[in-house]
Amino acid sequence: MDKFSHFDEQGRSRMVDVSEKEDTKRIAVAKGEVKVSAKTLELIKDDEIEKGDVLEVARVAGIMGVKKTPDLIPMCHPLAVSGIDIEFKIIDTEGIIEIIATTKITAKTGVEMESLTAVSTAALTIYDMCKAVDKAMEIGEIKLLKKTGGKSGTYLSDE
Amino acid sequence: MDKFSHFDEQGRSRMVDVSEKEDTKRIAVAKGEVKVSAKTLELIKDDEIEKGDVLEVARVAGIMGVKKTPDLIPMCHPLAVSGIDIEFKIIDTEGIIEIIATTKITAKTGVEMESLTAVSTAALTIYDMCKAVDKAMEIGEIKLLKKTGGKSGTYLSDE
Amino acid sequence: MDKFSHFDEQGRSRMVDVSEKEDTKRIAVAKGEVKVSAKTLELIKDDEIEKGDVLEVARVAGIMGVKKTPDLIPMCHPLAVSGIDIEFKIIDTEGIIEIIATTKITAKTGVEMESLTAVSTAALTIYDMCKAVDKAMEIGEIKLLKKTGGKSGTYLSDE
Amino acid sequence: MDKFSHFDEQGRSRMVDVSEKEDTKRIAVAKGEVKVSAKTLELIKDDEIEKGDVLEVARVAGIMGVKKTPDLIPMCHPLAVSGIDIEFKIIDTEGIIEIIATTKITAKTGVEMESLTAVSTAALTIYDMCKAVDKAMEIGEIKLLKKTGGKSGTYLSDE
Amino acid sequence: MDKFSHFDEQGRSRMVDVSEKEDTKRIAVAKGEVKVSAKTLELIKDDEIEKGDVLEVARVAGIMGVKKTPDLIPMCHPLAVSGIDIEFKIIDTEGIIEIIATTKITAKTGVEMESLTAVSTAALTIYDMCKAVDKAMEIGEIKLLKKTGGKSGTYLSDE
Amino acid sequence: MDKFSHFDEQGRSRMVDVSEKEDTKRIAVAKGEVKVSAKTLELIKDDEIEKGDVLEVARVAGIMGVKKTPDLIPMCHPLAVSGIDIEFKIIDTEGIIEIIATTKITAKTGVEMESLTAVSTAALTIYDMCKAVDKAMEIGEIKLLKKTGGKSGTYLSDE
């Protein structure tokens, strides 16, 4: 495909009509990361052990963020997602919190944007929870890892 | 400051009480970028010239995203922002669309999260508008560039 | 079942994957009540007869509240409910306004939370409409009365 | 039909139960217009040619407005629309911007309100974008042009 | 003023910075109307007398619609309105339901869009409540009647 | 006061005009409880110690719920709350989870509804998280404990 589907022949933006597409089971996995200082990472890990869990708040925000995807992204179809899962991995040596979101649905269109929005929202929440200590955090490497289902079939990122 | 303000002494998450803080003029500038293929960049630039403007849709989404910040980020205060500005820079040689968001307010607390959310939402919208052509795009380098106003004063990123 | 389905094996909260479940017709009936002073009840009943109907505003709020359920309750699936009905019963002798909400859907998961949210929202609205007169009102006895459809079958409260 | 379906036998407002209705493909086309001064129309048309496109912002707002329909209209069912298209026609001689919205879905109930809400939201956005120049604009002639699908069949406005 | 304030020098859409403007008391009055068949008007008036009040549901929707204005209109500032009032007038001879909305605030920017959105949302709700009986209704003559406060001073429509 | 402020002289519902009222510091404390089975309480307490924390998810939902109050309760003013705090107490002997919410603001009107909505939303979330194990839970005793600030002064519940 060599043109943007969200514009019609006249170049008008639109929500693409998917009414003729089939309902198939679709899964999308996205990732992203937050780079934090060594001190911030230490504080986050301490929280994990005791109470006041930064990552648990970020997880709840990410799950709720999925449901706001069509409200945030103009041309996204409203979708009734059937499952969301968010996982965090702390990579100590690099000061990185990795976020992986998996969204599932049976629908006429995919849930890539839902997984990417989950990752973004969780990352922004981590930033917010830690910004009193560390303003130089950086959110990055947000990308689609995998997508299955639908006419275009399976997509796997090179990573 | 060496602890997270969004937790109290018992480690309970909370929206920090800012009622005793003063209303001051505050500005926050954040940036981020979307890395796209050469072909996608060509298509985006063609759109700029003709019609069906990817970046204009992303700009509207980013501006509306600012207003959804307290709805997305659990501990963010609801704030009546007084101005938002989103700028895009196309860096041809690197296949990068840079996004810079500036948010202004007179309030008891800052608008860092608002600018970061604007950048994220605009970036996700660019991904959505282009994903029929390019699924390998990557969103990254989302960070705070500058922050003025408030008791903690001015912050400038090293960049 | 002896564990919470909203956590996975590692104890991470999640929106449970229901994509393999069947679409069946499901109904959930919930109730709740607002205890008010004799004077407040008199004013509400006067409104019913003339104009300025407290209960009609509460009914509209309750119906709209159903549609906000996935936005309020973190792990709730977004659902396209197919019908909502809210009924009020005034129990004069006890100073009680009883609220009964019935939600219907054909879906992979039930609508208990939708009916409970309808009852809660209607109750909060009654409180808001009457609080200039009576601040000591109490909202209570919010519970599921009945649930039909789905694999776990029919549930009937003891009441 | 000679009574309002959104009230039951007792006159209580409700979201009508559509769970027994069949899923059919449904399309609704609505229109409306904004009457503006000659000078405002000139400015809008200049924008079309250069940058700062009033109508493109209004189009994005209209498309996003469709997704907010159940949140705005109390008795509307939440629906997962499958496509939205908004078209503008400038009628120079009369100082009119005509807005036509087409919404598609496969569902148990129609999308008339979605198309009418798209038109209204786009019209309000045009008003907002131009109000610094022209406060006397008027929004009008919002009506359903066509509706297909569902038990009540095709409706065509006289126009 | 002869240019649109919602675009900057480069023609980029933006939320205008109002942070330097003064807080003043502002009021905006808007109107609109729904043209209905004689039969529909009869049904609405019957409801007024008995129960199941179309106009009361529309009033609640209009009041809630005001609070969604910044969520609907991309460049609108989020505002904490301090009062909303919606009035209906039935003009029997013309089959018209007139809607008048008054919004008040003390803020740096006006509430014209809030009053216009209230009128639109109430009108759409009337359409929705009556559409089972009458699909040919028309919403029109939505305009600003009056605006006071702010630097640009008082505006009065010719009407 | 012996009439409902949310209706005008003609009995029309409205959002009361507070524009003439003074900004004062206001605090509202509300409480509520969820009655659960002994087994459910055991599971919740186990979660507290390990991971998968029911109460932490409910706390996040309650804090986010405060921000949705004007969206849920028709006549509530939109308010920029300045702090929210939610506390849980487990009363073992009675199988009760008590929820206490404290909301703070400097504004022209109080935050009773915000604290009551926080309690309700947290309670509904506890129900949702535990309902796979226990459908007979009951939410109750939701009431205002204390309110300070504003013209009507301090209110203290009898409890």
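Letters A, B, C, D, E and F mark the chains in the order given here, with residues in each chain numbered from 1 onward.
To be clear about the criterion, a residue touches a chain if its C-beta (ideal position, glycine included) is under 8 Å from a C-beta of that chain, and two chains touch if they have at least 3 such contacts.
Everything numeric in this text was worked out from a predicted model, so none of it was measured.
Chains making contact with chain A as well as with chain D: B, C. For chain F, the chain with the farthest CA centroid is D.
Of all residue numbers seen at the chain D-chain E contact, over half occur in both copies; the interface is built from largely matching residues.
Across the two candidate interfaces, B-D and B-E, the one carrying more C-beta contacts is B-E. Measuring from the averaged C-alpha position of chain A to that of chain C gives a distance of 31 Å.
Between the Cα centres of chain D and chain F there is a gap of 37 Å.
Residue positions 12-13, 53, 56-57, 60-61, 64, 68, 71, 74-75, 79-80 of chain D each touch two or more of the other chains. Across the assembly, chains come into contact as A-B, A-C, A-D, A-F, B-D, B-E, B-F, C-D, C-E, C-F, D-E, E-F.
Touching chain D in their complex are the following residues of chain A: 8, 12-19, 70-71, 74-75, 77-80, 107-108. Considering their complex, residues 53, 56-57, 60-61, 64 of chain E touch chain C.
Residues 25, 56, 59-60, 63-64, 66-68, 79-87, 104-106 of chain F are the ones that touch chain B when the two sit in their complex. Remark: chain A residues 1-7, 10-13, 32, 39, 43, 47, 50-54, 57, 60-61, 64-65, 68, 71-76, 112-113, 116-117, 120-121, 123-125, 127-133, 135-144, 147, 155, 157-158 touch chain B in the complex.
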